[in-house]
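Given below, in the form of structure tokens, are the structures.
Shared between the two complexes below is chain A, which pairs with chain B and chain C, respectively.
Moving on, here comes the complex of A and B:
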């Protein structure tokens, strides 16, 4: 112990000892309280997320949906719609709405993924509702069945979204959007929440496995090449007829005029 | 000026205008080259067809402006065969119009009746033919020939039988009976009232007896759409309200206009829209027609629940589903 007695009166002895003692205290405390501390951190992170979401909501959404998401004459209440609705409507760019027309249309999203998550957390904190999903959770590639999905799509979806998933017109300016190029989680969420004019297809009517099959069929239709040449939007006789009646008949009329014209 | 009408003098035929190729050897040479180019384009088209057929990979896609990603082989085959045929025609027409003889021929009108002598000759020949065939002298041949000719026409009449048999009462009936369970389509799972959310829909079929298969004729008549609303939204009379169950209402999916599947349900307006001719039905008012060509509301299926809580039909459809037909009762 020569070493201690030798430096006992050194001018750095007090600060070094103090540092050692404080570090020991700090490490012991953090080790002892590690577990509760972590969950406190998550809880505080979640409440920060909700706070952030509320801030975004007050700035960007409350003018139509009300300061407490209670809704107004021009926009529905958001209490109880759940994180799934927020994720679907905001992450696909439908909300905030471009204009007050019949239907919110898909466009480049205004908020990034973090902001959408914050908004979803805030709306979910108001009342219980369907939760949001991540693309990784939707294991359509593993659990879906393309053939079954096709049958389900034709029976439940094709009347509005077109037999090839290209979308179609509804009444008075409303329309069913195309399902091509939509992220798996948004297709899944749309079936659960029934956004805008779309009805709800809950898990009892279309089971989660069947939902995955539908997504798998949509993805296979998406990647299906147009083997017959130009697909003309895959909407069937409308574009095909238009092309034949304008270009085709126009060409025939032109040839008829040329045939009967006198040569010079 | 005299008041008598002077007949217009016959202006005669306009003077024949010669084509450039008739009077100018350089123009004729040019026309010849043009025809040759058109024929060569046809040959190139045919070669393009053969090349595309054998040498372009069938899964090769190329980007064509306006058309988008297009299958190269199909495009080559289509354009090749189109050019191959079209340019032969174009070349031939151009050849005829510019280089082939350019004479104007006048064909005067004349009576259509043949000369009397020709007509006499024809009658004589016909009579001689009948005489030589000897139909008058050989009645056996005459009668058997007429019998064969008469019978030969009968198959055309017999085949009309394939238009039948008459549908009988089948157009008025569906597979829905009192107590038939409603099952999901596809999936064939029975549905509890609590399975359907407000704002939700379900495509349903009548439950099948074990071992039975659903025929296309059945599917075409039995398809039903379930919709769940808040009961407060209904504007129904007491009888129709008793056909619903806790806000769940069931309609035949077969349009009363032309028989398309009506299943475009708009949750916001509570309207059902037929995709074929835009007939629009108001679900809250027992599928009353509010737009479009349909003459009748969609038939409503009375539903209730059984002891286990599964949705069942309270009674069969009270009217024929689908479009009008001559013998329709209502």
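Moving on, here comes the complex of A and C:
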């Protein structure tokens, strides 16, 4: 190294060394940051989505759920509920609530799909929680089994949602809503998060494949034509009894009156 | 004599010479029956029974009353490869793979509902018009027996397909059997051949449903009708109708045609319901397994009141001397129905005792003229209606945005408060209607025609009722209260004691009526007091 060391007091030594050091630093830095840079666009998009979500949240949700989603006396904290809860509650119209009654009910959603996604991203950013799904991900048509889904439904769901998924009453005005006409992803998310009075059916209790089967059975019940004629609400003997006393006996008595109208 | 008449005569003569049927036929085909729509309610029940026999026989050709485990391979895809009992699988087979099977199943079930609805409507008619009075008390008891059997028969039929709903029904029946103190457990083991649900229950109730009970039905219906035949039909009061005659049309040809036609109308309406309205869609319920239950599980309407009673019972249970007694099942499931049905069966005797009326009656009462009985009937119906509403509390809650708890408390309070209220209101309405009748007889109908007299006075012209109408409104006998005799002339106390006091009280209430116009009152009016 003599040949380098003899120039150590050369007047250009310091600038050259500085140049080398700075270049090394620069290249190292650029090399180190090169990989993350490739997804920089989506990262900034996500942070924008979260920002948007936060804005919607502050306007539409924070008066009950708190400015930082920390919850309040009338509404629970949303830290850790995950995107699945937001997608289920907001995209089905349950949130924002129409009134402070026993239970948030399904209605026309207040926010559109993009707004729901933004809200979900914001709430998911607060803490880890179950993720939201898209309908395309839920491949119930391909992977589900209708009959097995029916068995699972009767074992786990029918006691509240009724044998035909028409819904049923719970105590004190709470109720299990009908599962007819619900999007596949919302059924799936509901099983994961257990919204409102519903218990959680996690992937150990009902595996993802079984969840798809349940959805397939629900969709099959939904599209099943009324095989025996007017379905009478598919709620069992109550409407049948009503019909027999009104239309059935009503017609028969009417005819009896007609038959004896000319009696002396 | 034409050739046709000669041949018909020869045939008739041939039969008559060998059976002697002519005299019997002549007498009975000319038998007269009164005509009124309310007399056809029992007919509806009878014809539904015939429809039940016919459609039920059709179903037995394919139904397999067995709890043998099978795997479903039929054409209803949502249940493909599901394990179930042969009973349920064969019900699905009838519904989907037998031509006309679903229609027949639905006709059978609708006919069952109509059968019981018609029985109850018939019972109401008989009750409110007093047709159960002497000499028809036994027929009334037979009728109550038929109603009871009908409820049991209907429930067994509902239980046969072994679907989730019917299994739930059997589970409740099982609980009610078990609630009987001391022997309940043994009885349930006896009925189910061991622990619930076992393997034996479906075959057992099948044979009871298709053989034993229909047989008893046929026998009882025959006696029921023979008694009507022998005692003759009651009739509504009117001119020319007395306790000693029957005014109406002869059986042949009028009632042969009418009744025959009406049978087909009943069949037609039942078939119409079976064709357009789904009933007991067992394929939706799924097969029964004791681990499963569905929200909104309900019995058919004729058991709804019983279910409603059980649903409203507060959870009371005692544990004494090693025996658990579930009062919350025992009282609503057995004791109250027992009291109701015993009370119904004994009612003709109770009323006869209350009113002291021991005479024969073939003329019917207009309900308003017997306010106490009418009020009692409406009171019972109110009780039944409240319990029935509570039986459907979950369906009502979801469909009318109410809470189950509200409905339950409404029913708990209502079942005690509303029936007496209904009694009082009905009695007042009856008395008011009696006042109206009295007014009509004495002053005629308001015509709405105002006339100005020469001196300027306005009067409304009343149109006098026809003599026939007047007769109809005044022909009834108003009961007198039984005077209470506490001791006779010698000062001996009435041996009946408290019973005499109760009887006097009840007969006083029973005799509470608006005095109908007397002959003198009418005469006074006719002699120009108007």
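One rule holds in what follows: the second predicted complex is superposed on the first by the 208 of 264 C-alpha atoms of A that agree within 3 Å, B and C clash if a C-alpha of one lies under 4 Å from a C-alpha of the other, contacts with A are read in each partner's own complex, and residues count from 1 in each chain.
Basically, a contact is a pair of C-beta atoms (placed from the backbone, for glycine too) under 8 Å apart; a residue touches a chain by one contact, two chains touch by 3 or more.
Please read all numbers here as calculations on a predicted model, not as lab measurements.
With both complexes brought onto chain A, simultaneous placement of chain B and chain C is prevented by a clash.
Using the contact criterion defined above for the overlaid structures, shared-chain residue A:72 touches neither chain B nor chain C, since it reaches no partner.
Once chain A of one complex is fitted onto chain A of the other, the partner contacts of A:17 are absent, as it touches neither chain B nor chain C.
Contacts of A:146 after superposition: chain C is touched, whereas chain B is not reached.
Of the two partner chains, chain C is the only one touched by A:167; chain B is not. Contacts of A:217 after superposition: chain C is touched, whereas chain B is not reached.
Judged by the number of chain A residues each one touches, C leads among chain B and chain C.
Using the contact criterion defined above for the overlaid structures, shared-chain residue A:199 touches chain B, although it does not reach chain C.
Of the two partner chains, neither chain B nor chain C is touched by A:45.
With both structures placed on the common chain, the touch criterion links A:237 to chain C but leaves chain B unconnected. In the superposed model, A:227 makes contact with both chain B and chain C. Two complexes overlaid on chain A leave one chain C stretch from 80-88, 152-160 or 260-268 clashing with chain B, and it is 260-268.
In the superposition on the C-alpha atoms of chain A, the part of chain A touched by chain B in one complex and by chain C in the other spans residues 151, 155, 159-160, 168, 170-172, 176, 226-231, 259, 263-264. Taken in their complex, chain C has these residues touching chain A: 34-41, 43-44, 77-82, 95, 102, 106, 110, 113-114, 117-118, 121, 164-165, 247-248, 258, 261-262, 265-266, 269-270, 273-281, 283-286, 289, 291-301, 304, 392-395, 397-399, 402-406.
Partner chain C is touched in their complex by these residues of chain A: 102, 146-147, 150-151, 154-155, 158-164, 166-173, 175-176, 217, 220-221, 224, 226-245, 247-249, 251-253, 255-257, 259-260, 263-264.
Across the complex, chain A is touched by residues 19-21, 59, 61, 64, 67-71, 74-75, 78, 93, 97-98, 102, 184-187, 191-192, 194-203, 227, 261, 263-269, 271, 273, 275, 278, 280, 291 of chain B. Listed in rising order, the residues of chain A touching chain B in the complex are 148, 151-152, 155-156, 159-160, 168, 170-172, 174, 176, 194, 196-202, 204-205, 207, 210, 225-231, 258-259, 263-264.
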